[in-house]
Amino acid sequence: MGEVMLSITQLNKSFDTAGGQVKALHEVDLEVQEGEFITVIGPSGCGKSTLLRIVAGLDTGYSGSVTLEGANIAGPGIDKGFIFQEHRLFPWLTVEKNIASDLPLNRPDIRQKVDELIELVKLNGFEKSYPRELSGGMAQRVAIARALLRNPKILLLDEPFGALDAFTRAHMQTVLLDIWRRNKTTMIFVTHDIDEAVFLGNRVVILEPRPGKIRKIVPVDLPYPRKKTTNSFQEMRLRVLNYFEKVDELELTDGAGI
Amino acid sequence: MSEGIEVIIKTAKAVREAHDYSGTAPKVASNKVKKTAPIRLKSLLSDWGTGAIIPLAVLTVWQLAGSAGLISPQFLPAPLSILSAFAALTASGELTHHLGVSIGRAGTGFVIGGIFGLLFGVLTGLFRKAEYLLDPSIQVLRLVPHLAIAPLIILWFGFGEVSKVAIILSGSFFPLYINTFMGIRGVDNKLFEVARVLGFSPLQKLRRLILPAALPSMLLGLRLSMAVAWIGLVVAELIGSQSGVGFLINEAKQNSNTEVIFVGIIIFAVVGKLIDSLFRIIERKLLHWRDSYQG
Amino acid sequence: MSNRAVALGAAHKPGKAAIAGLGLLLPGSVLILWQLLGHYGILSEMLFPTPYTIAQSFVTLARAGDLWSNFRVSAVRALSGFLLGGGLGLLLGILVGLFRRSERLLDPSLQMIRMIPSLAVVPLFILWFGIGEESKVLLIAKGAFFPVYINTFMGIRGTDNKLFEVSSVLGFSRMQQILRLVLPAAVPNIMLGLRLSLGLSWLGLVVAELIASTSGIGYMMSDARQFADTPVVFVGIIVFAAAGLLSDTVVRLIEQRLLRWQDSYQG
C-alpha cells in the first residue's frame, strides 16, 4: 500500500431518459491506494454500478477526472479487470479456454498461468467442463480467473455474488479474500449487502441515491480473516448501518438478503 | 383428458427441475436416467407399438385390397408391386443414375446459393452500411415465392442444367442469408462488453465471439437452405428435364406407370430426410456446448 | 436487430431518411440502368423487357380483365387449400397436444407423411384427380397442414408449468385449464404456424399452377413463357409477391391484436 492507484475527482454523470436528464453521480471524490480492498455500498439507484463502469471505461460521457496510475481512462482494457453480476462466460468454450479467451492456450507461459489460476480458484478437475455444467458459484470463479490472467492493475467487481445463495456467497467471499491476500490486486467491490461490505473491505464507501454521491467513507480496521460473529465485527456493521439512517433503510435491506 | 394434461405437467416439471440450478455443486443428472432405463425402454417400445398401429393397418389393408383387385393398380399400386418396381429400377441401375444426377444438381445449386447467402449475411450482419444498402432489396426479393421465377429462369436459360441450378440456387440463398444476419445481430450484448473488457481486437471479436455465437443460427440456415434446395430440385425436374428423379416421375406419369411415381416420391422423401438428419448430426457435434439442443 | 453494438461499422446511427435513401439506392439504380439499357437496345427486349414495358403489360392485362379473373381463381385455390390444411392442422395439433394417447397413435404417422415433399406428389395427385381443382387444393392443403399442426402441438406442450400450478391453486377445472390457460398460451405458436402455412400455400399454388393448370396466375405465366411473352411472366411474379405480402400482413395484424399482452412482440 502507499501508491495512489486510482483517483476520482469531481466526477459527475447524467443519463438522458424519456423523462429528462437523470443525475446518476454527483461530485464524487475518491482515492484508492495500491493493494486496497474498497467496498462500495448503497441502495439501488445510487449509481454504484455506474461508478464502477466509468472506472472500467465501459461508460463514458462524464465530467470530472478519473485516472488510473495517473493516466486518464481511455476505454475498457485488460489493465482493469471487470467481474459482472452474471458470470458472462462464453458458453461455447470450456473452463480453461474461457479463462484464456483471446490468448493462445498452447503457449507454455499462458498454459502455466491458466493452470495456476485454476488452482487458485479451486476448479481442478473442471478444466474441460462447459459453463452449462457449472454451478453459479463455480462459473463466477472462472470469470474471476479470466480477469486475473491478464494481470489487471485493479479488479472491479459489480455485485458478483448477488445472484448466489447465502452459503455459496460466504464461500466465495473467503475465496476472493484469499486471492486478494496472495495477489495483492487492488479491488473495488460493489455490493448492497452490508455484511459483505464490512467483511471484505478495508474501506467501505457508502453512497446515497438521487443524486448518487458519497455519504461517508468508513475505514474498517479489523484484522483479516474476519469473523462475522465477533462483537467487533457487529460494532463495525452497526457503525456502517448508522450512516443509512437517513437513507431509506427498507430499500437497502430489500433484496440484500440479510 | 385428465391423464393427458397431467403427463404434460409432469414433463414440464421435469424439464424445469433439470434446468434449475443453484448452489455450488456441479449439475450432474445422468445417474438419474440410468436407474429408470428399463422402464423407459419399455414405454418407448409401447410408444413405437402404438405409433405403428396406423401405418401397419393402412399398409395391410392397402396390400390386401390391391391383391384382391379392389383398387385399380393404375390408381394405387399395392405396396408389394411398388417394392418390386423399386427393385427393378435399382437392378437396372436407372435409379442410381437418376438419383446421382438429382443430387448433383441440388448440391451445385445449394453450394452456390449457400455461399452467396453466407457472404451477404455476414456482410449485412457486420456492417450497418451494407445492411442499409442491401437488406431492403433482398427483403423485397424474398417476397417472391422463389418457385414463381421458374418460368422466367427457363425463358432466360432454356431447359438445360443452368436453369435447374438457377432455380435451386435462388431458393437456397435466402434461409442462409437471413439466419446468418439474424445470428450475427443476435449476439448477446453482454458478451460484447466482456470482449471490450478483455481487450479483444476487432478480428478476435469476429473469431472468438461473433462467429461462435452466430453459429447455431447459421447452421439452422444451412439446414433450411438444403431443404429448400431439395424442394427446388423436385420442381425444376418436374417442369422439364431429361434425367433425374423428377424426370423418372414425369415419365412414369405419362406412361401411367404409377408404381414408379411412388418409387420416385419415396426416394425424394428418404433422401431429403437423410440429408436433414446428416445436417442435424453435424449441428449436434458442433453445438455440444449448448444447454439444450432445440432441434 | 436492436443490438446496435454488434455491427462493427456502426459509429452512430444515421437518420431515417438516410437509411431509406441507402435502401432505395440499389433498386433505384438497377431499375434506371435496366430501363436505359433496354431503351438503347443493349439488353434484349425479349429476355429483359424494360420496367416500362412490364408496367404497360400490367395495365393492359388489368384492363382486359385477364389479370383479375386469373387472380381470383388463384386466390380461391390458395385460400381453400389453406383453410382445409390449416384447419385440419389446428384440429389435430390440439388433439395431439392435449392427449398423450392421440400423440402416440397419430404423431408417428403424420411425421412420416411430413417427410414427403409435398411438391413431389404433384404428378400423383394429377394422376388421381386430373388437373381439376381437387388436385391443386389438396396439394396446397398438404403443404399448409404441417406448420400449423407442429406449432400448435409445440405451443400446447410448451405451456409454462408455473402457470399450471397457479391454475391448480386457483381451482380451475380441466376444461377451464384448457380454455383459459393452455389454448391462450399456445396462441403465439399457432399464429406463427398459420403464417408459415400461408406462405407455403402460395408456394404450393405457384407450383401446382405452373405444372398443370388451365387458369390462374401460374397458368398465365406458364402460358406466357411458351409464347415468350416475358413481360407477362414478370407481371405474374409481381402479383405473386404482392399477394404473399398482403396475406402475410393481414395475419401479422391479427397476430398483433391477439398478442397485445405479450411483453415483447417478436415478429
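Each chain carries a letter (A, B and C) given by its place in the written order, and its residues are counted from 1.
Heads up, the rule we're going with is that a residue touches a chain if its C-beta (ideal position, glycine included) is under 8 Å from a C-beta of that chain, and two chains touch if they have at least 3 such contacts.
Treat the numbers as computed from the prediction; the structure is a model and nothing was measured.
J.: So which chain is the furthest away from subunit C, centre to centre on CA atoms?
T.: A
J.: Which chain is the middle one, judged by CA centres?
T.: B
J.: Taking each chain's centre as the mean of its CA atoms, how far is subunit A from subunit B in angstrom?
T.: Once rounded, the distance between the two centres reads 47 Å.
J.: Once you find the CA centre of subunit A and the CA centre of subunit C, what distance in Å lies between them?
T.: 52
J.: Between subunit B and subunit C, what's the gap in Å when you average each chain's C-alpha atoms?
T.: About 18 Å, centre to centre.
J.: Okay, in this complex, where on subunit B does subunit C touch?
T.: It is residues 1-5, 7-9, 11-13, 15-16, 46-48, 50-55, 58, 75, 125-137, 140, 143-152, 154-156, 182, 184-187, 189, 192, 202, 205-206, 210, 230-231, 234-235, 238-239, 246, 249-250, 252-253, 256, 258, 261-262, 264-266, 268-270, 272-273 of subunit B that touch subunit C.
J.: Can you tell me which positions in subunit B touch subunit A when the two form their complex?
T.: Residue positions touching the partner: 21-27, 190-191, 193-194, 196-201, 204, 208-209, 212-213, 215, 288-291.
J.: Which subunit C residues qualify as touching subunit B in the complex?
T.: Spelled out, the residues of subunit C in touch with subunit B are 1, 3, 5-10, 13-14, 18-19, 22-27, 47, 98-101, 104-109, 112, 115-117, 119-124, 126-128, 156-157, 159-162, 164, 174, 177-178, 182, 199, 202-203, 206-207, 210-211, 218, 221-222, 224-225, 228, 230, 233-234, 236-237, 240-242, 244-245.
J.: Touching subunit B in the complex: which residues of subunit A?
T.: Residues in contact with subunit B: 56-58, 75-78, 80-82, 84, 86, 88, 90-93, 101-102, 126, 129-138, 146-147, 150, 165, 167-168, 171.
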